[in-house]
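One chain, subunit A, links the two complexes that follow: it is found with subunit B in the first and with subunit C in the second.
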Partner chain A sequence: MTLKTTLAATTALTLAATGVFAESHAAMSNDMTIVSWGGAYQNSQLKAYVEPYVALHPEVNVVWDESSAEAVAKLRAMNEANNITWDLVDVEAADGIRLCDEGLAMEIDVDEALAAGDDGSTATDDFGDSLVSDCFIPQIVFSTTVGYRTDMVGDTPPTDICAVFDTETYPGKRALNKRPLANMEWALLCDGVAKDDIYDVLATDEGQTQAFAKLDSIKADTVWWTAGAETPQLLADGEVVMGSTYNGRLFSAIAEQDQPIGMLWDAEMLDFDGWVVPDGLSEERLARVMDFLKFATDTQRLADQAKYIAYGPARASSAPLVSTHAELGIEMAEHMPTDPANATNVFVTNYGFWSDYRDDLDSKFQAWLAQ
Partner chain B sequence: MTDATHGSAADKSVTTDPSGPMLAADGTPLKTSLNRALRKQKRRALFLIAPLLVFILVTFIYPIGEMLFRSVENQIVGDTLPRTVRVLADWDTEASDIPGPAVFSALAKDMMVATEEKNHTRLGSRLNYEASGLSSLFRKTGRGVDDVGEGYTEQFVALDPAWEDPQTFIDIFAGPRWLDANAEYDGEGPRPTFRLAAGIGEVLPQTASIYRDFARVVQTEDDDNPAEEEPWNTVYLALYEDLQAGAVIPADMAHADMLNAAQVAAASFTTTDVLADFVSFDKDWADRDVWRIIQTYSAPYTTGYFLNSADLQLTPDGVAWRPENERVYVTLFIRTLIMSTAITVSCILLGYPIGWLLANLPSRQANLLMILVLLPFWTSLLVRTSAWKVLLQDQGVINDLLVWIGVVADDNRLALINNATGTIISMTHILLPFMILPLYSVMKTIPPSYLRAAKSLGATNWTAFWRVYFPQSVPGIGAGSILVFILAIGYYITPEIVGGTKGVFISNRIAYHISTSLNWGLAAALGAILLVIVLGFYWAYDRIVGIDNVKLGG
Partner chain C sequence: MSSVAFNPEQGRPLHPFATFTLPLVAVFGGLLGFIGGQAAGLGPLEGFIFGAVIAAALAFGLTRFVAPRPGRWLATAICAALGFSAGGFPGALGGIILGALLGWAIYWLHRGDYRRGVPVYATSGQVLWHNSFKFICGAIFFFLIAPIITIIPLSFNAQNFFTFTPEMLALDPAGYSLKHYADFFSNDAWLQPLKNSLIIAPFATVISVTLGTLAAIGLSQSHVPGRRAIMAILISPMIVPLIISATGMFFFYSQMGLFMENYLGMSKTLTGYIKVILAHAALGVPFVIITVTATLVSFDQSLTRAAANMGANPVTTFFKIQMPLILPGVISGGLFAFITSFDEVVVVLFVGAAAQKTLPWQMFTGLREQISPTILAVATILVIVSITLLTVVEMLRRRSERLRGMSPG
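Presenting the complex of A and B:
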């Protein structure tokens, strides 16, 4: 009798529990694949967005994929294969525009999908100019800049971006990104093209030839990197005398790891980085992603990310909340690319240009590399 | 199992006429009987391997076949720009610098559809493989193409405001069956596919075709009802062209009066220069070369990818070299072959003595040595390659050691990484077990007494080795070389990590085209060529050394 009752009770309980379980989770998927850039940057997203979110929703299981550098190619391939395995992808502004144009990223109504600013402004106003595409939800302002070994540059540390091309004053290897972005602009800038004319020149065949000719002068001295974490590593090993990477990575190497590295704030390439949601997600997955997105892009979360990495939050309302580094207690604002002292000669990346010309210049750049 | 048949056949053969066929016990000819028995056996064998066969067909042969098919496939141009391709076929490249207005008008319609379906960037990427610059051309055009023909829209609407009403177009173009289905549509599932009214294609051919595309795009891309959406400007452009081309409007057609009035008025419409619109998006539309490329690649199949693999290109004047700064593949193929050969030779030089030691040392030491050979073999490839990175880099272990000994100066360290040297060193290490193991298994079977016999007959050590031992170990060298060479020719992880730009192989380019540029056609063509090269080497090896001389073991 008792056994029977117990069994019946257990079964009923189990059934009920399963029912509740199934019901509460039918609406939202519990697995979410987030694509990012790896290293210190991805870690800052983990600390500021994902860990607090998972604390609120312990049933969610987040998988990271460090493929942002080839996000466009992979999303194109996934679309071709009709099997979208990513839920949320971190990309640069130009790639966000490209993915939107190609129908690979979903258009998102910012005011409807995202939280309003803490100061009461609408999401559209709060994000302002950083909303460069209908599909792109900005997170940070970052810059691509150059770091150098303080002990390998003699008594005259570089102050000018053109030190990259000056192999006489600064002999040794350089680390540069294995893609045309930033390299082409710097090459033209150091070949005497005025800053305002660079994208007009770069849109012409002659301008592209000129940029490659300038890059030819250091081709033999260059190590090409594909992940942002490589340059800090190469600098720490003394393999290169200077190299380009994202300013937050250099901050981590200098402030957190105490490496003998200095960084340039000259003609640093300012750009936005943000989320896109791949087009064609199932309803449950989409519901989970949008829920996370709303949480991860609110005023406080964007300000929190700045505790872990030196990138400026994309919301205006987050700026006053930026505080000190989570472990070192350093004031973060002065290490941001948006700080006035750092932005004296900033070079704003023309993401519109790059969304149009990226395919053209990629193929030319790769052919140039292979020669 | 054929014993019985055999026996009786033998018995029978004694008694039958020697000139006739041998007969089995049941009177059928022995040959037929034997064949039948064998066929049964073969069928059973086939049945046994069927799962494997199906597995290989489905997971190996079919995908490779499909991949290789991509090396000639080129439907995207004709599929995305159907109207343009049709009109462009008549363009004489010699007679005029750029195609006539009909082509630009067709392009406006095709681009409008492609942009709404978001296919124009794909076509741009495809054509960009042939001449870089075309991707940005299509992207920029996609941003502005919805304004092309706006002048006509305004003039039609000024003539009669009813031209602005979506219902006017539905009345003229929609077929009755679709109208019924659309009225019944309740918001669930896919919308009923738009269908044209019967006969409208003959009356207003251009307009009907573009309006059908418009209606379908509105349904599939925007999930809207075409009866509530204003048509694109290109629909008005097409309507103007149809009316100007002398369309005869049947009196019983819907809105025949409006169409007739429009036809009269259209004669005095202000015309729009579609070409000028396109040139305002990008001046490359006035570039003869762009049009020649589109014309050349409008066919559904192309040899372009294979030509590209050999640094050639298809031009209207025939096959020609690609521009100097785009020629990379021939160099890469040659580099791949030379470096693979170098790796194979270094593997033979390093592996031969080790194989000999393994085969001839007392088993205790030989086993230890064997473990030393196998241990790296069992370690992850990436770990070993990364370890070489640490060893070979400028401030790495090897350079530090050489500086410490004083062989090289501190400011003149050897460049051992990010070049061909790095690739050869690390790949030799990684592929070495594939040479040692076949060498060892062959050497193990060479009796040591042969060497002793040669020496006792007066041979020197060298002669005994060279004339007696070495020839017997050649099958091992052959097997090891084939393994190492074929593995090396297709390697890509190690060159990618330690090869820099001068030490990469053709497979790195294939990987780049597969995963980054997504030029799968070119990747397929390069892969097919690589496959043919490997088969060619195999054939040559068979002719020179003989494939029967290859031994992987005793």
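Presenting the complex of A and C:
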């Protein structure tokens, strides 16, 4: 009796599952897998590009994969196995350059593939300096900057980046990114090196020793993070007094989550994030992706993204169109890392320097951490 | 009055009050005071002294003048009042817990209850060990359960962080909300993985159970050559580090997927599901083999010979005789296979594409990219589902034992 019931139940379950299966099977020939970072950033892409696009092209079914953090490794493995399952990948500029160099991303003629700017400029002029690689289509400008607990810094909230190294005025733990980028530049800047000389100094062994010596002074007070969500969590818990993270994460914690957190714009580290198309897509998939890419990177779409997250559009022509936050109604222009009031003292990530020194400094940094 | 305070069976206290109960209760009270003092903002030493003094006074008064049952209530009430004066409603709640512990400890020590459960002739050392052992067992239980319990209140957080907010600690209803549960049941980013998990796990379970049961029955026959070697190979997915299996599976199933797409004309999504289901089935087979083999040990092989003697063919014998008797083992093996697939994150990350994203995958990336309490809401639901499943299996097992007359009741 029990056996029959079990068998009947199993059969019913199998049939039910097959039904679901067949349904999902039917709606898949137009799948487009987009790889992004998850969280609020992915949500901004969903609202600004994907939902309007799907409204125009209901046959396309977008599948998200939150794998941007390991995009390089996964694309290498997919290429090795000759089985590319991704159609469009969101990566930081540095990873875009690497993927292009390794032939894992496709070269794209910007003027031919993308829409011209709303102000009549060509796509090349409109994107300007953000076109750092032949394969990389920039979307946003973001910055790595520092947030602090307003209730833990006393009456004199920090105003410049060197507060990170000032453990006397601001005692307590700091959260810093577990990689050399930004940390090395800030260390030298606060050790008295002139801003224009920083990369020259950092290229020498003495300069690197100097930067590590400066970082040594706060090593015991530092919590190292690897994911952008960690610093806002640590700040919300009051476990750190200040910490570096992406400016959009800080905006979200301050404006949307209403946490007692303030932020610095001083010495913010500007970087670009954008799309790459994996090399080796079939013609059908490539045509679908390129159509979406043209739509998703036009002037209006990039401006729309700023309604949902505090990152600046990569096109110059989008800047005047940036409006208010979709839910809070805050004017977003003043929260952009590129806003003139914020961008008084910025580093634009030096891709030339970091592509030459990254491997070396990464290993030295890890060795220093382990000491 | 004082005679009421003593257990008639145990008679008088075994040790003098002043040199045994009083100092021990004071130390215990000091430790509780240390904990309570931390919450109330006292320094560690002040908390300890305060707690010790209160505990000693209570021990002195209660053991002399009050019977155990009202005495424990009185201790609880006094500590609750102290807690309330220090920290309002949450303080009173803490006071109730600490007071109940203290009241229990006073009478436990004073009346010699610690000798319960040990023979009367046991030495002091043996009594001490008996109670330490109970304490160690309790501590192990606590360390196993506490991390899982912690997530449950956090999943009702009104904020989007993994933090016990001051409102939550004050038991203010405004600090709690069901919004993370609402998010789980309305957000496509969670519903699609849920659906995928519910597709993949049952299929993988059915395959694992079928193959695993057949393998276990075959391997339990004494005439099969190389039984041990075959068994070792079949359970290897359980022993090889998962990340190694996953890497191998990635390349193996990529080629298989390409073959299915190019020569059998299947779509990418369908092959994706097939790949993940087969990979998970391979991971589930060892669990089924082990549980079914264990059940087969108590299976009387002469029953199959008797059935054959009466004219039943092997298939009939299997379904009518063998299967009903080993069913509990098959079901618990199937349950393990199901949970393996349902909880698995490493292999699906390698073998699956985004269209096959399962719940654990979504939780994993969600934890890394965005620390959202929706993950905790999902975890709470999964914990409850697991408990329900295990309870059902245990009830089924007891029922079958009862039906077969193996246990009374």
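As a convention for this text, the second predicted complex is superposed on the first by the 331 of 371 C-alpha atoms of A that agree within 3 Å, B and C clash if a C-alpha of one lies under 4 Å from a C-alpha of the other, contacts with A are read in each partner's own complex, and residues count from 1 in each chain.
Definition applied: a residue touches a chain if its C-beta (ideal position, glycine included) is under 8 Å from a C-beta of that chain, and two chains touch if they have at least 3 such contacts.
These numbers were taken from a predicted model, which means no experiment stands behind them.
Look at A:257: by the touch rule set out above, it reaches subunit C but stays clear of subunit B.
Of the two partner chains, both subunit B and subunit C are touched by A:237.
Within the superposed three-chain model, A:345 lies out of touch with both subunit B and subunit C [touch as defined at top].
Judged by the touch definition given at the top, the superposed model places A:37 against subunit C, while subunit B stays out of reach.
Once the two complexes are laid over each other on the shared chain, residue contacts for A:227 go to subunit C alone; subunit B is not touched. By the touch criterion defined above, A:324 lies against neither subunit B nor subunit C after alignment on the C-alpha atoms of chain A. When the two complexes are overlaid on their common chain A, residue A:357 makes contact with subunit B while staying clear of subunit C. In the superposed model, A:81 makes contact with subunit C only, not with subunit B. The intersection of subunit A residues touching subunit B with those touching subunit C, taken from the two complexes, comprises 77, 80, 237.
Residue ranges of subunit C in contact with subunit A, taken from their complex: 159-163, 189, 195, 198-199, 202-203, 206, 250-251, 254-255, 257-258, 267-270, 272-273, 319, 323-324, 327, 331, 353-355, 357, 365-366, 368-372, 400. Contact residues on subunit A toward subunit C in their complex (touch as defined above): 2-3, 6, 10, 13-14, 17, 20-21, 24-25, 28-29, 31, 33, 35, 37-40, 63-67, 69, 77, 80-83, 85-86, 227-230, 232-233, 236-237, 257, 259. Listing the residues of subunit B that touch subunit A in their complex gives 117-118, 121-122, 124-125, 128-129, 132-136, 139-140, 142, 325-328, 331-332, 393-395, 418, 500-501, 504, 509, 512, 515-518. Listed in rising order, the residues of subunit A touching subunit B in the complex are 70, 73-74, 76-77, 80, 98, 101-103, 173, 203, 205, 212, 219, 223-224, 237-239, 355-364, 366-371.
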